Amino acid sequence: MELKGYTKKQIAEYYKTMTTIRRFDEEVFELYKQGLMPGLAHLYIGEEAVATGVCAALKGNDYIGSTHRGHGHLIARGADLNRMMAEILGKETGYSKGKGGSMHIMAMDKGILGANGIVGGGIPIATGAAYMAKYKKTDQVAVSFMGDSSTNEGTFHESINMAAAWDLPCIYVIENNLYGISVDIRDVTNTPDLSVRAKAYGIPGFSIDGNDVTAVYETAKKAVARARKGKGPTIIECKTYRWQGHHVGDPAVYRKRKSETEKEDWMKKDPIKALSTAMISKNMFSTKEINAIDAEVEKAVMASVKFAKESPYPDISEAYKDVFISDELI
Amino acid sequence: MKEITYAKAVSEAIDEEMARDENIVMLGEDVGFIGGNFKASEGLLEKYGDMRVKDSPISEQGLVGMGVGMALTGLRPIIEIMFSDFMLVAGDQLFNQMAKIRYMSGGQVKVPITIRCPIGAGRSSAAQHSQSLQAIAAHIPGVKVVLPSTAQEIKGLLKSSIRDDDPVMFFEQKMEYNKKFQVDDIVEPIELGKARIARAGTDITIAATSSMVMKSEKAAEKLASEGIECEIIDLRSVVPLDRQTIIESVKKTGKLIVADEGYERCGIGAEVAAAVAEDIFYYLDAPCGRVCNPNVSLPFSPALEFPIIPSADKVYEKVKTYFK
Amino acid sequence: MAEIIIMPKLGFNMNEGKLVKWYKREGDNVVKGENLFSVETDKTNMDIAATDDGTVRKLFIDEGDTLSVTLPIAIVGGENEDISDLLVQAEEKLRGTKVQAAANSSNKKSVADSNDGIGGSSQQQSMPGSTSERNGMIFISPRAKKAAEERGINIQESDIAGTGFGGGICEKDIVEYASMHKDRITPVARAISEAEGINISGLAGSGANGKIMKKDVCNVMRNDENRSGAAEQYSPDGKAILEEAAYDGVRRVIGEHMAESKFTAPHLYFTQEIDMSELLKLRKQINAVQEKKTSVTDYIARATILALEKYPDMNSSLVGEKIVKYKSINLGIAVASNSGLIVPNVKDAQKLSLIELAEAYSPLFEKAREGKLAPDEYSGGTFTLSNLGMFGIINFTAIINPPESAILSVSATKDRAVVVEHEDGEKSVEIRPLINMTVSVDHRVIDGLMAAQFMMEIKNLLEKTSESGYLIH
């Protein structure tokens, strides 16, 4: 990994963001194992570079649309860890007062259009935000994060087709971690590189190493600039891998079908390790400095765990609110 | 007062709203250049330009989803789905996204989107182009369901639907588009959730939606000559439902039938009767009835379609069964 | 060969024809050339003849019906020929076609139709209790039930016909029932029930047709108020009953006696006003020296006896065909007893002096009050005196005690302002104690003059006591 052209601040940011995502999702897993987490969570562990790199290319008021595996996107965009963790535990202090949970966290103040429980469900929504930006000429862009398997949903096709036809400022980031739950994308799609689909829409498509945060950043930066110039959308396929199963508690036996050591092989390509190694080897940072960042992250993540654990559950009356603007219309 | 078509009333409503609020944009198939498949958006492209009146590809899911994204980020989109049948194609975006995002966000956001789609049979359009699926929309929490009757009503109700900050599914009756109606020169928005007494009466209450209001009026004329005075309630919206007007009416008449063009099973008739059941029980002289489409898909041949779709005659016959 | 006869097109512009007359009925034979039917065109009526010999097997329309031209109207063929194919053909052609039935025949049809089905025509007289009650359960809509309650109609006991949904009772049925059984509850009873908040639903009325009367409502009230005491009784016309007793015994005897007297003897009444001032003075004098006190009645009795001696007609009886005047004056004096007025009499009272009279009557009065009179003590009287003066009565007309022919009613002594004529002819107004006395006479036996004279005699005897010294003897 080359760190040329990056400031220390930038690299520190990337490292901190990725480590925060890693530690946060590890703690989510712990809470799940302790039985404190209702429902399921879908962990981003191993994919940190994608969210970090893309979001680093965005401005404050740009939009992102996320997926069910959205903790990484949310953290990379600057969402509040406390409110995230509280929401994941179903507490009143969560972003959605406990009504959304892990898959539906939304934080409009950070431009986060929301995680989405429906595969491909968020793609047209992000595209709509881009339409608004173009109509209102706000200079904003929207990023639509999606998994490899959602590229087979109709919404992928419909949304990118319209974005391409109308030059909407939207960037479509495919996180290809090879699996849709247990189904290998390579078995159900004829093109190993999903970015080739961009050709169908007459837009640029790139397939890159999703575990190289700088590569992600560079590609995203170009795509964002293109969009902001009004030139239309781009597809960026980030090749990466999730270390945990599809959801917490998924033993992921399907991994071993193609290779016994698939997970281990990918873990060797840990994006955080790759960066920290470069940070040291390029003499940008000392181990002590990296440890300091680790400690900071640790503190923040554990604080969010404590906050979430100690927060109260919402009152039952909350269930009857927010269906409509007026709570009397139910 | 002026005489205009139902379709013109729609385009006037959109026009007047777009003129006063630049955040309103409309997307849909054929809405721009030809002014809509049913001519309900004639003249709007010329007036407001391509970005505000957008001819779109045939991508119902994508369209509705984009509408949601626009609504979340400050616009007030109108998305036209050409036939209510096709709302099923956009089912996820309508009922998992549009309807639920406000709730799932804990009230952080509002989704001020209006989905316009035509209902109604009678054109030999067969099973996939003739449905009236308002009951499906009404079933999902988070969606308002509006069913205008006359052109006057549609103009006022569309305005208030567009101005409403909640998602609204607005069902237009395709057989009415070309009919002429008397409409006020100035039409104010009609509050959602307030039914209208279309005809006062004493002998039986007919709660009707959409063009069933006009069909009930026709039946009521014939019934009046036989000494039966019907009270017709134009429900205007099923979500929110004006229960109070129905209850007050049934206290007077003792009898209730619901007239709606959807299928019978789990339809609007079933919902309305159940929604007011507890409040009207002791005032009822006879059980509630419904006039609606039978539980069959709409057939193609006029010889089959016309006899089964709910008509003025069907309302007449149903009322008669209460007055043996 | 059988053939289908069609409605003929008799003109270029003729699209339909009206069948005016069938000359043949089903089963009739027809000969070629013979008229089969007559059809009305827009211009005229035209007779159509049979085109072949045969039997009329089927007629598809009636006289007066209108049908499009070229459509089948009949089949003519061999008597036993199989015409099933032709029938099918014809029926197919006629299916979906509108036969404009003639006016009166369509009325017949609709009347017949209306009697089909549940609760068909509006004139249906539902049989009582037939459809609205099934298996002991009464089917009634909630609205109708409420209406019944409001009107005090007990649906369990009233046989109300149901014309509502499923044959059940609807509001209209209750309203009709109520108006048919108008005043199911009397206005008074309703007013009371409303004022006192009494629930009249289910209350069985004691009036005609179960009409709720005031007493029924009041019974409910009483029953609610005190369950210990006996319930109040009410007469059928709503009068509260204090006591009920059998009409028998002495009372009945007296009653029948009096009724016979009143309805047999033509009563005539004469009233005198008697100034008692002299008599009262006399009485005072006498009582001052008498151990046995005399009452006013004693003097009146004595005066009556003396008057009867003078006018014996007053002491007579109509016995069959004879009028018998009695020498014995058996004066009866009416006494109030538990079973009514009883009249003990003193036989040959003319033989007794005033004091002796007083002494004779006294024990009789006591016995009478206690109901212990012997029959001969209250029978055999010839004249009755009834004094209700002690009750303050100022005038009354007693009923003659048969077989007597007269009875004297004595009223109360009352101070009155009277005009008095003095010896010098001067008149002045003074206060004098006056008594009204009225004699009732049987006009078959006694006439007015006699009665008037009799009364004048009594008046004189009582007023001019100085001249009536014999009064006390």
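Note that the chains take the letters A, B and C in the order they are written out, and that residue 1 is the start of every chain.
Please note the rule applied: contacts are C-beta pairs under 8 Å (C-beta built on N, C-alpha and C of every residue); 3 or more make two chains touch, one makes a residue touch a chain.
Everything numeric here is computed off the predicted structure, so don't read it as measured data.
In terms of the stated touch criterion, chain A and chain B have no partners in common.
Ranked by how close its mean Cα position lies to the mean of all protein Cα atoms, the top chain is B. Rounded to whole angstrom units, the spacing between the C-alpha centres of chain A and chain B is 40.
Note on chain placement: the centre of chain A and the centre of chain C lie 99 Å apart, centres being C-alpha means. If each chain is reduced to the centroid of its CA atoms, chain B and chain C end up 67 Å from each other.
Taken together, the chain C residues at the contact with chain B in this complex read 118-120, 122, 141-144, 146, 163-165, 170-172. Contact residues of chain B toward chain C in the complex are 254, 281-287, 322, 324.
Interface residues of chain B facing chain A in the complex, by the touch rule stated above, are 25, 51-52, 54, 56-57, 59, 61-75, 77, 92-93, 96-97, 101-110, 141-142, 144, 165-166, 193, 239-240. Looking at the complex, you find that chain A touches chain B at residues 63, 65, 94-100, 104, 106-108, 113-114, 116-118, 121, 123-136, 142, 154-155, 157-159, 161-162, 165-166, 321-325, 329-330.
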